[in-house]
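What follows is a set of structures to go through.
Both complexes below contain chain A, partnered by chain B and then by chain C.
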Partner chain A sequence: MSQAASEAGTASLLERAKGLLRRRGILIVLVLLAWIALGAVLKGVNTLALPTSENTPFTSVLREAAASIRGNRTESPAFVYFFNPIRAFVESFIELIRAVISLPSGDDIIPAVGWLGVVAIIGFVVFATSTWRTSLLAMGMLLLCGVLGMWTFTMDTLAMTLGAVVLSLAIGLPLGVWAGLSDRVLAFLRPGLDLAQILPTLVYLAPLALFFLIGTAAATIATMIYSIPIAIRITSHAIRSLNAGPIEAATSMGSTRWQLLTKVQLPMAKRTIALGVNQTMMAALSFVVIAALIGAPGLGKPVVEALIIRDVGDGVVAGLAVVFLAIMLDRATTAAVVRTGNFVHESGSARIRRRVGLGAAFTGAMVAVVLSRYELWAAVFPEQLIIGESVSSATSAAAEWITTNLYFLTTGFREVVTVGFLNPLESLLSNTPWYVTIIAISLIGALIGGRKAAAIALVLLGLIVLTGLWNDTMVTLAQVLIATVIVMLVGVVVGVLVGRSPRVERIMKPVLDAGQTLPAFVYLVPVLALFGPTRFAAIACGFFYAAPIVVRVVADGVRDVPSSMVEAATAAGSTKMQIITKVQLPASKRSLMLGANQGLIFVLAVVVIGGFVGAGGLGYLVIVGQSKPELQGKSLAAGLAILLLGVVLDRMAQAGAERRREQGSA
Partner chain B sequence: MTASVLAPAEGDVAQNSAISVRSLWKVFGPKADTVAGSPAADLSRSELLATTGCVAAVRDVSFDVAPGEVFVVMGLSGSGKSTLVRCLTRLIEPTSGSVLLAGEDVLKASPARLRELRRTSFSMVFQHFGLLPHRKVIDNIAYSLEVNGVKRDARYRRANEVIELVGLDGYANHYPEQLSGGMQQRVGLARALAVDPQVMFLDEPFSALDPLIRRDMQAEVIRLHRDLGKTMVFITHDLSEAMKLGDRIAIMRDGAVVQMGTPEELVANPADDYVTDFIRDIPKSHVLTVRAIARPLRPEEDSTGPEIDVTTIIRAATPVIIGAGSPVKVMEAGALVGVVTSDDVLRLIGTDGGDSQ
Partner chain C sequence: MKKLATRQFGIVSMLAAAGLMVAACGGGVNSTESSAAAPAASTAASAAASEAAPAAAECGDWGVAMHAWVGYTASAQVLTNVAESLGCNITQTTLDEAGVTYDAMEAGSVDVIVEDWGGGRWQEWVDRGAIQEVGSNGNVGLIGMFVPAWMAEEYPDITDGANLNKYADLFKNSESGDKGAWYEGPPGYTTIGEKLIAANDLNYKIISTGSEAALIELFSAAAENKTPALGYFYEPQNFLAKVPLARVNFPANDWTDAEKASGLTDYPETPLQKLATTKLMESGSPFASLLTNFSWTNADQNMVALDIESGMTPEEAAQKWIDANKDKVDAWIAAG
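Then we have the complex of A and B:
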């Protein structure tokens, strides 16, 4: 074929593809217009709206089931031989740790080890696993928690987190190794692992509280269910991504499978597995805070209480303690990861110096522990040092000042988004007859992601109708969509900046790191202070929670665009804007789709928590069921609806991404 | 001379071979075990793929390696040479055939026996070294001994011996990533020598190294082979490396051996165009002996020239031939084979470099 002919062929192909895209765009607009028109005509018809206090047949069935489960706790064999023993074991394990650092032990009025002892032990452990610098930071962070007056709460959260992490790793690491070695095991676990990635945290709570009673055990088990998949995923990945060369060599030298695992694969994977421990720990901390909703002791409690009475100052104090604890755990484990990967020969004198340092630190820690058992000032955090109340009142005053003086900024922005975008979208989704909405969404799904996406949307949305919570789901969906659009707009702009400029990246990295380690719950407090108990507060919270991951994914995508492409475009005389819009963004389309998918899932996870601060929707139903037994059925149904909504959003985004990829390669 | 071009016949198992391979097949694909021995075995690569969906990475390979011999398997990438060497140690399980190591069929060994063989009887050197990054040099070298249950003192003693042998003195407590590529492959060699194996398999051990380092390492292998006399099966895609190291060379293409023989035999009598193409750039005078150009003495020529042995490589004989005023006599066991003059050498060199014959 001559070159001209082939060029003509390519051009006509391009034309056709463009035409197809344009046609698809027009079709989507047409569907939207039809949806809006039908919505206007049939407004308020068949919306399936349901007052909070009312049950549907389905939620009634769930409520009856829940009641019978509750009634059977002492008799049913499933409880006597399965749930109750697990609960007893987990609870006693956590109480054991709490007895050491947070609960009064035995006849004493103080825990076995006082604050000084705990700070010293943690300082020693961090020093032994990483560096003295990190150790100082860790001790500083703990002391700050004490200074905020949150010592006992912090210790409870620490005990819960450590306990849950130990139990999670005890299950997750072996399973992860197994899944890393065996394709069959991985294939068996994969659906569960995938589901766990998109399951919003709030969904775990109600069912677990039902089976394990509200309290420490249910909270710990819920935390484990959240963090075990992370441990499995990263461990399995660690084993699978190993360089094959050394493994083949070790096999050729006659290793047994066990020798191969213990002498070659595990040592080589150690660093990634340590990273998995870090991730597991951060996930557990984040969940333990939220699990205050089902009775977990610790810092989540004052946060929840502050949210209920809308006391911004107290909420911020507790939230800060969570932040400090998160920084401590993250830094300590990250530093340990760095050390783990260090295969460099240590000189003799350095080793001796380190041994001496460790010995001294250990002695110091032991002295501190003994002191904290016999001296009151070392046992109970000294009142004189606590400034929690002044921080609280100062924060409240600041929040007050912002809401009165910067009214136009906070409330103004809120109203623009709420009136301009949220209300019309929510009305379209929830005030249109349900069948119209389902058909419209499925059609859009078909246009974006193909027949399969449409079928999934149709079936799962139909199931949501069956739960009886269609209307609440649409309220939540409206918030999720608005928050995702905002997070994508900001995320792409910031992500491009971060991806293009190493300087911006340096500035943003600590922010992104911090953002990714903070528990979602913490964002609620300041957002509540700024925007009040509204739907917009939930949207803002979702935005803050999802922004770091979206920025990171987009930045990675932009950075991974081959520099030769950018060079060629520059050589062809493109402006900076043209390079961004015509080269870097199109070339990182996959990352953008991935970012949108992650953004959706993260936003959903937090927006439903926003139900707690007046955003309504499914999240509110989940939470309200915790305190009202007659609504427990609805709470469970709401959890199910959140799950279904998450799967719909995830599948549609994935299908869209896949379809783009196919078109890109065709 | 032509006899060695052909593969040894079926059933003719040389009892005194270090390694004896017979009809070895490795077929990837559905029902891989039905290909060997069926009519499909004679199909070409693409025909086989089209009719059965299978790829024969190793097809019907047979050869013997004598004790102390360096046997080179050479071929381009995708010719099946790496698969072949992995089949010999069962890192890849062959589809059919037999591999006799000192008379014992490796392919019939139980998993436990196979491990024992790997720990004591043969060892392997890898292209990308395959060192364990989390272990010091000495623990890398002692690994085979360690998994075989040798006590720490004994295995360190042995490891230190081979460390000295390969010139790694002073590096015992380094980690692999602190060493250069050449030094890392010395660790690889030391590790393979540590168990004092009967046979060493070297899979393109120097392909990942710089040319200068590669030359050093080739010299090192030649030295080790001279000192220790190990039987080696050496895989390479580099013909000059093959010529330099190999007592005999097997050339592979599409999984089959197309020619097998000494370097001289290959250069003198390439079996087909493929081999001819391969050896095109090899200077014949570096490989052939004076036998190849010896001719009868012409009546008018002087018969008082110096004598050289028939096995002398032409390049090595050149100074003598040029220096002599009369034809040089090529002798074999005291008998005259023929004579050689500088004209004959020039004529040979003139045909080097491609479009000859």
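Then we have the complex of A and C:
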């Protein structure tokens, strides 16, 4: 009975939404047609194209500012008493960790602990915080890094990541708790936290290098600035989403605020906070890899080198080591989270067994540490075990084979997308007068997301014009849009499959998990090998990076469609295809919008890195400024333009999703 | 539960700390070479080491910047090998050119650039006292726009920049749209393609390549398949000996004045420069005098670069040249 009512309700709602959508769809098409027509008539007029080597008044101001910051590095009080001490502190902290696991001091051959010792210590710590299975996995992953011949690089990355995470948590956890307790603090932090979610990693590098120069310290601080917001966000969420009951009870019993926090709120929020530690760590790892661009030691270095000299094999080997390290850190912390959340008391005998196990593991670890200091085979990763070079040449050969024999898949596909879609879109965006493009985008924004979205688009796009980098922004936007469309097409198809079938989900889960833990930077090398230094390479990177998250969001949406709706449609004799297109997809529209939003942001983050390998646009400008001081102002302005573009895309997609929701609930 | 977890965490961290203590107090593998090398007492260790091996301490630890073209690798590796034979401890760090590396030098993580093409863009760092010019490394660089040799044979007048528009259609591809594709050097390189195109009214679009390797691939494919290609290249580069390219010439201009040179211009010949941190040059280290004296010809560099490209490791290739050119190397060391 109630099922029938809800069915009728859903049906009429769908009808209404469809009507609205159709009308709005027609309007959007009209705007697009007008845009294309005006673009054709006024092609090449007021496009604000600016040669790379030229500055605008705004970028000149930034360049002067950058030069004056550089000039003040040695004498200005801000540097002497603030930036330089921070740099020195962070650097010595990281060097301390590196001295233990990666960097031999003085004339030493190995750091304080050799490879066997590191593997054993990590194995023990993971065993102590989670399970022996995870511990074995962690040790196995580390050994694989060594087998690839990447031991020292891996240890550098691990040292950088752990150091950055410790410092990030030292700042992020207290701030997160505070933001969780006080609305005012949260309101103060929120704009920063929101921005941090949108900002691509590449954008952090240039400004930080300006203040902290190049090296471990700059890289670590950049990493912290990237990962602290994540720690804050999750911690404050953990405190805020607590069940009110126990807190009220504690308050009524006369607990002080401090007691309430330490005895009730923090213990209750522990599991979510532990999840925050996991997220912070994964963010830090992905950043440490790209921070090689500003001198971070570790696995990013061989990746960058491979990109520059286009050595696919070496790049893939380093990338694999990143993957293994990421899996190790992710599984180890996730397992620790699960254990943290396990409220079941262990029985007495189980506890004793575990204690004995811990003791044995500790003894084993200590023996390994001592061995790693006295025995050469345990100190330096044995040459005989290293197969990095053969993996590297095999990969290079495979890439070569693919590019020569599967020409239609690589070059062919690239040409179709480039000529058929990218070039026309880029031409529409960048060869049309800027005011026409801004008005058209704002109108589309109004139709998708309402007046507010339109106003935001209008203002922020106007600001981009003021930076002087309008044309480059449009080049980047074209790549972002094409990549997002491809990612959505594939993401929806795969997401529906995953959402509908538990079997497909089981097969896809490890792929999605791995995909989501991978730093964006790692995708560049293989993609470059397949597609060459083209804009399409950047698009492909964006696709690979964003696909897992889109698939996941879409699958969740499809899975959450009430089974009553699907059953009703099946009873009415709908085919499988009809169920998908008429019921499941429309009903999970919100997830689709969320997926598109996430997809856009993820794609943007990677497409700008593509500037590194020939994709032009804003990312190229960010990188050019790194080596050409005369263009540093432009590089900073490009970072700003990326940020503005990110906010426009994010807000428009979000406004669209919100409108959908309002209509849905209306 | 919470208490239990805290206690457990405490025990684990105590045990881990104990492990590190064990690590810190042994001598072990590290002491096989120097007498006492416990990291906890690293200052003591290095002091002891300095007594044991005076040469090593005299030279010290220095960083050499590595840039991503094979000629640079050749020069930097020869310098590194010779320096290490003097007992210096050299760390090579791969960085983008110019700004990034100058900053790294100012921060102290890198000390030497052995081949800089950038005609004075380091001035600001010199003014601040972070970097010093150490003179030319003996190589002379010539940048230009090149086409594969077969094109110069088939279209003899293509090597004159004024005729490029006539052939723009040949160079069209999906990246360049309705213009000719002009493959420019990587982001850090000295490039004036935009100015050349504007000043000569060329119907070409700049395509950024991102790497030397991309340019090499472009020209290799163009020579092999007889496809057209117009791209940035430079000497010294031993690749030119394997795949002959023809340089496209543009009207020369006064390069000494950067402002005036913004019009019609071509790339000038550039004596390549050595740069070092003030810290190194004032240290009195033998590495400083080695760097000051280091100088070799384009032919020398090409020889090492060729060996690297044909599969030797940079270390092997550099050592091969050093062994074959003892007199030159001795002159670098002796003059100090």
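Everything that follows uses one rule, which is that the second predicted complex is superposed on the first by the 637 of 666 C-alpha atoms of A that agree within 3 Å, B and C clash if a C-alpha of one lies under 4 Å from a C-alpha of the other, contacts with A are read in each partner's own complex, and residues count from 1 in each chain.
In the analysis below, a contact is a pair of C-beta atoms (placed from the backbone, for glycine too) under 8 Å apart; a residue touches a chain by one contact, two chains touch by 3 or more.
Nothing here was measured: the structure is a model prediction, and the numbers come from that model.
Contacts of A:V264 after superposition on the shared chain: chain B is touched, whereas chain C is not. Ranking chain B and chain C by residues of chain A touched puts C first.
In the superposed model, A:S255 makes contact with chain B only, not with chain C. Residue contacts after overlaying the shared chain place A:L497 against neither chain B nor chain C.
In the superposition on chain A, A:G245 makes contact with chain B only, not with chain C.
Common to the chain B-facing and chain C-facing surfaces of chain A are residues 267, 270, 343, 345.
Put simply, chain C touches chain A in their complex at residues 1-2, 5, 8, 11-12, 15-16, 18-20, 22-24, 26-30, 32-34, 37, 39, 42, 45-46, 49, 53, 56, 68, 93-104, 106-110, 121, 124, 128-129, 174-175, 177, 186-188, 191-192, 194-195, 198, 206-214, 217. Chain A meets chain B in the complex at residues 245-246, 248-256, 259, 263-264, 267-268, 270, 343-345. Note for the complex: chain A touches chain C at residues 51-53, 67, 70-71, 73-74, 87, 99-100, 104-114, 117, 121, 124-125, 128-129, 209, 213-218, 267, 270, 293-295, 301, 304-305, 307-311, 340, 343, 345, 362, 365-366, 369-370, 372-376, 379-380, 414-415, 418-419, 423, 427, 532-535, 611-616, 620, 623-630, 632. Touching chain A in their complex are the following residues of chain B: 89, 91, 114-120, 123-124, 126, 128-136, 143-144, 146-148, 173-178, 191, 195.
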